[in-house]
Amino acid sequence: MNRRRTQRWVAAGAALLASTTLAACGNSSDGSSASGGNVTLSYALWDPNQAPAMKQIAAAFEKKNPGIHVDVQITPGQQFFTKLQTAVTAGNAPDVFWTDPIFFQMYAANGALKAQDGAGVDTSKFPDQLVSLCQSGGKLYGVPKDFDTIGVWYNKSLFDAAGVAYPKDDWTWADFQSAAAKLTDKGKGIFGTAAELNNQQTYYNTIYQAGGSVLNADKTASTYTAPETVQGLKFWTDLVDKGYSPSIQQMTDTSPMDMFQTGKVAMVWEGSWNVKPLSESPVKDHIDVAALPRGAKQATMINGLCNVVSATTKHPAAAEKFLTFLGSEAAQRIQGESGTVIPAYNGTQKSWVDAYPKYHVQAYVDQVPSGVPMPVTANTFDWMQNEPTILGKAWAGQVSVDDAAAQMAKTIDDSIAKNKG
Amino acid sequence: MSVSSTTAVRRPPRPGRSRPGRRQDAGWALVLLAPATVGLFLFYLWPAAETLYESFTTSGPFGGHTWTGLDNYRQLVHDPELRQAFVNTLWYTLIALLGVPISLVLAVLLAKPGRRFVTTYRVLMFLPAVTMPAAIAIVWKWLFHHDYGLINIGLAKVGIHGPYWLSDPHTALVAVAMVGMWAGIGYGVIIMMAGLQSISPHYYEAAEIDGAGPVRRFFAITVPLMSPTIFFMTVLTVISTLQMFDLIYVMIGSSNPALPQTRTVLYFFYEHTFNQNDRGYGSAIAFSLLAVVVLVTAVQFALQKRWVHYE
Amino acid sequence: MSDTVVRQAPQAPATSSKHRSVASPARARRRVRLSSIGAHALLVLAALWLAGPFVWQVLTSLKSLTEATSVPPTWLPQNPQWGNYGTSLHGGVPLTAMLVNSVLSTVLRTIGQVLFCAMAAYAFARLRFPGRNVLFALYLSVLMVPAQLLLAPQYDLMLHFGLLNTLPALILPGMFGVFGTFLLRQFFAGLPADLEEAARLDGASTGRIFWSIMLPLARPGLVALGLLTIIQSWNDLLWPLVVNTDPAKMTLPVGLAYLQSLFPTNYPVLMAGSLVAVLPLIIVFVGMQRRVLEGIALSGAKG
């Protein structure tokens, strides 16, 4: 009798274990079984500001393609690429996702992205410069999504109070510096500007404006120690030293964007993707934007994202259909009209400008001819992640700008040697 | 983690006279142990073996291992950042241990017979212990804010210009460590109060009769008789501090200039394993931390003989 | 040592104590009252230190960013901004979905831990079987291993099971624990053997004895383990952060980390979001505080 009962217990225990595992497995397969005709594509991105536009695009696509469902997944900030890399390594990447030039080369070169034969994508509809950002080794791996440049946002109330004239698109470094000086009011805790430690929005721009660069022409070595490059960095450290910008520690406690939105900073350098949050901020009624000031020459970082398909997607046909749609004029127009980013498709840029009648956002588009693409190597993130730590010491005055630049140059050269490119 | 294990193990299950054969016991043991043991092998033992193996390999940005022998361990020995992380972890542990005497004093104050509002105090003091570290980190980050944080506002009232607590490499570690200690006090108070209940009131009555004051009673009676509980809290505090991650991840984060001076070994491990996808080196770091955990615990148990008195 | 103290204490100095208390009862009472005031002062200070930050959190969560960053600061929100809660819930991080995930994963992890640990603990404490000591040594060997160090292989495991980015992935590893087995083994070992033996004489099987007699007796231990598991599961950041990719399949601690990367220094919104994340557990705790505190105390005494 006892034995039989034992067996029953064994059976019950085994069943319990099996059911947990089975239930678990069953759960995983929903959405990935292509056989039934119903397909769910995951579309991963990092900017929640763009979520409404992306969901609108997904809805438009679903309407045209019954049976395919698009699940928009947002992982904000830096965590996006941390998680993406882990997922790609595990062969578990989202079906379609965004990449930016900093990560694109590494993903393309390591076979994480599905190459496009060009059948579904008409590259002639996009600016060559943006198409090249989605190419690696002569092959196309995605569709241009958008592009962005940088502008100077300023608080008109603070300018009026300090009696400073509003910036014009042809202004110079000297104009910017003198405005920053006059706008700074230590008694009221107001800073002329914020030297944010952000390569794309601040110091890369001034490096190229000064005539410097980060990499040499064939990307085999760093040029961080060039006098012009150092001058581009000193542009910012001088502002900190003179007290026209909050210190790096103050900016760690309160971001420049939040200081600008509470009227404590008069001018911030912001990418075009930040226009939407600025247009909804508490200071929205008394701010405007101008082109970046010119140094030895005019320059702005220009950057573009690509929509790409994972090499390991279980639904290649559906994913490519969606990719084609993302590169269509209709989808790109939705992006522009939402005001979130400047669409890449030729002729749709105006829809973005028109979304902001109140502001001089045309300045972003006008700067395109002087645009400089982000400096990239085979594994850009490998060295770029060290920039804040190394340059932060110069911002804080702990090391000289020359020393920090030399250390960056070494970091980049080491990375190029290690990653063979 | 056991303190009283010695006392509990002392009584082995009695082989009952009337028990039927042991064979049935074995069958039942199999059934009862199956789920937990499958879990043990699946989620602990196999991963530990896998981690050990990977610590001898180097991985590419998207996986794939190559056997590189002791390379990771060689790199580890000469890694100044890892050394700093170990030093940081040591400091966190030392500061967190300050919470043990604080918990004991608070518990003694609360355990006094006839003390009023004990329930309210205990509930308030235990709040941090049920709050997730991620939320604790966010709240304290705000309290530590240079310009608008309550701490610096308070300091300004007495004429002190407070530092940038969380981004100044000189203060960031202490600030984070204080939060870690803060979060553990409530748990300590509850455990200590339970321990105090097992001390016979006779000791105190006798001491009072002898004319010993409260301080004297505390050191002559409470501390020695509480030494098993104090030891338990010490071991627990050390183990949990060695695993500190959430506070660093949320309060400091990857772009804070004070990160090198504040990150723990576990955070360093996470950076290498998941941010940089360098699993081989990450595994080697994991094993070095494991070695330290085992070593520290062994030392603690060896030392306990000197100062812990079991009744 | 203890015996001697106890035995001689009540006798010898008794007279002197009686003598002293007779001498000045008023002074003694005043001293007691003074020391009581001092003790309460310390306790209030400690309570303020330990619970005060939560008050400030609630107040800040209702201010506008401008008000929160005004000097000198305001104590009470001048114009309560309930919108901060809306922003934290709908500002790009799916906190509502994460709340559901947190509840589900906490409940299931806790059931798993309590059940599986109790089963194994009973076997270790009361049954005799070959290999018991070896197996128990294996359990002990991982007692001190910080589970976080095993993240990467555990992730691979989920990949093998095809569970990455699913709810079961959040739950499965957390259902098993060595500490719980250890804790409950102490419990079972300390229970009286009489009932068990009586039942056995009546012909009850081991399974029946475990389920109907021993489990109810061990209830305080199960509750203690359950509470510890609830707190741990609810607050766990690292595992969900690593194992899942879709934010809608993550839990609240990850949500807070994400919220912070979206609103790095918008403290009112961050305070609101973190309050949403901690409130459920705080409500449970305050509602059943007596049982929670007893359970925690028990885990310390037995662990």
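As written, the chain order gives the labels A, B and C, with residue 1 at the start of each chain.
Convention: contacts are C-beta pairs under 8 Å (C-beta built on N, C-alpha and C of every residue); 3 or more make two chains touch, one makes a residue touch a chain.
Only a predicted model underlies this, so the values are computations on that prediction, with no experimental measurement involved.
Q: Count the C-beta pairs in contact for B-C and for A-B, then report the pair with the higher count.
A: B-C
Q: By mean C-alpha coordinates, which chain is most distant from chain B?
A: Result for the farthest chain: A.
Q: How far is the middle of chain A from the middle of chain B, if each middle is the mean of its Cα atoms, in Å?
A: Using C-alpha averages as centres, the distance is 38 Å.
Q: If you average the CA atoms of chain B and of chain C, how many Å lie between those two points?
A: The computed centroid separation for chain B versus chain C comes out at 14 Å.
Q: Going through chain B residue by residue, note those that touch at least 2 other chains and give them in order.
A: Chain B, residues with two or more chain partners: 20, 24, 28, 30-31, 35, 145, 147-148, 274.
Q: Multi-chain contacts in chain C: which residues touch at least two other chains?
A: Within chain C, the residues that touch at least two other chains are 69, 71, 156, 172, 205, 207, 242, 257.
Q: In chain A, what residues contact two or more other chains?
A: 2, 6, 9, 78, 86, 90, 189, 253-254
Q: Going by the contact rule at the top, pick out the chain C residues touching chain A in the complex.
A: 64-66, 69, 71, 91-93, 155-156, 159, 161-169, 172, 205, 207, 241-242, 245-248, 257-258, 261-262, 264-266
Q: Can you tell me which positions in chain A touch chain C when the two form their complex?
A: That would be residues 2, 5-6, 9, 20-21, 23-25, 27-29, 42, 44, 48-49, 51, 71, 73-79, 83-84, 86-87, 90-92, 94, 189, 253-255, 258, 261-264, 282 of chain A.
Q: Please give the residue numbers of chain B that touch chain C in the complex, ascending.
A: Residue positions touching the partner: 1-5, 8-9, 11, 13-16, 18-20, 22, 24-26, 28-33, 35-37, 39-40, 42-48, 50-51, 54, 102, 105-106, 109-110, 112, 115, 117, 119-135, 138-140, 142-143, 145, 147-148, 150, 153, 182, 185-187, 190-191, 193-195, 198, 200, 202-203, 205-206, 208-211, 214, 229, 232-233, 236, 239, 242-243, 245-246, 249-250, 253, 266, 269-270, 273-274, 279, 282-283, 286-287, 289-290, 293-294, 297, 309, 311.
Q: Looking at the complex, which residues from chain A come into contact with chain B?
A: Answer in residue numbers: 2-3, 6, 9-10, 13-14, 16-17, 78, 82, 85-86, 88-90, 106, 110-112, 189, 197, 248-250, 252-254, 379, 382, 385, 388-389, 392-393, 396.
Q: Please name which positions on chain B make contact with chain A in the complex.
A: Going by the criterion above, the answer is residues 20, 24, 27-28, 30-31, 34-35, 38, 60-63, 145-148, 164, 166-168, 254-257, 259-260, 274-277.
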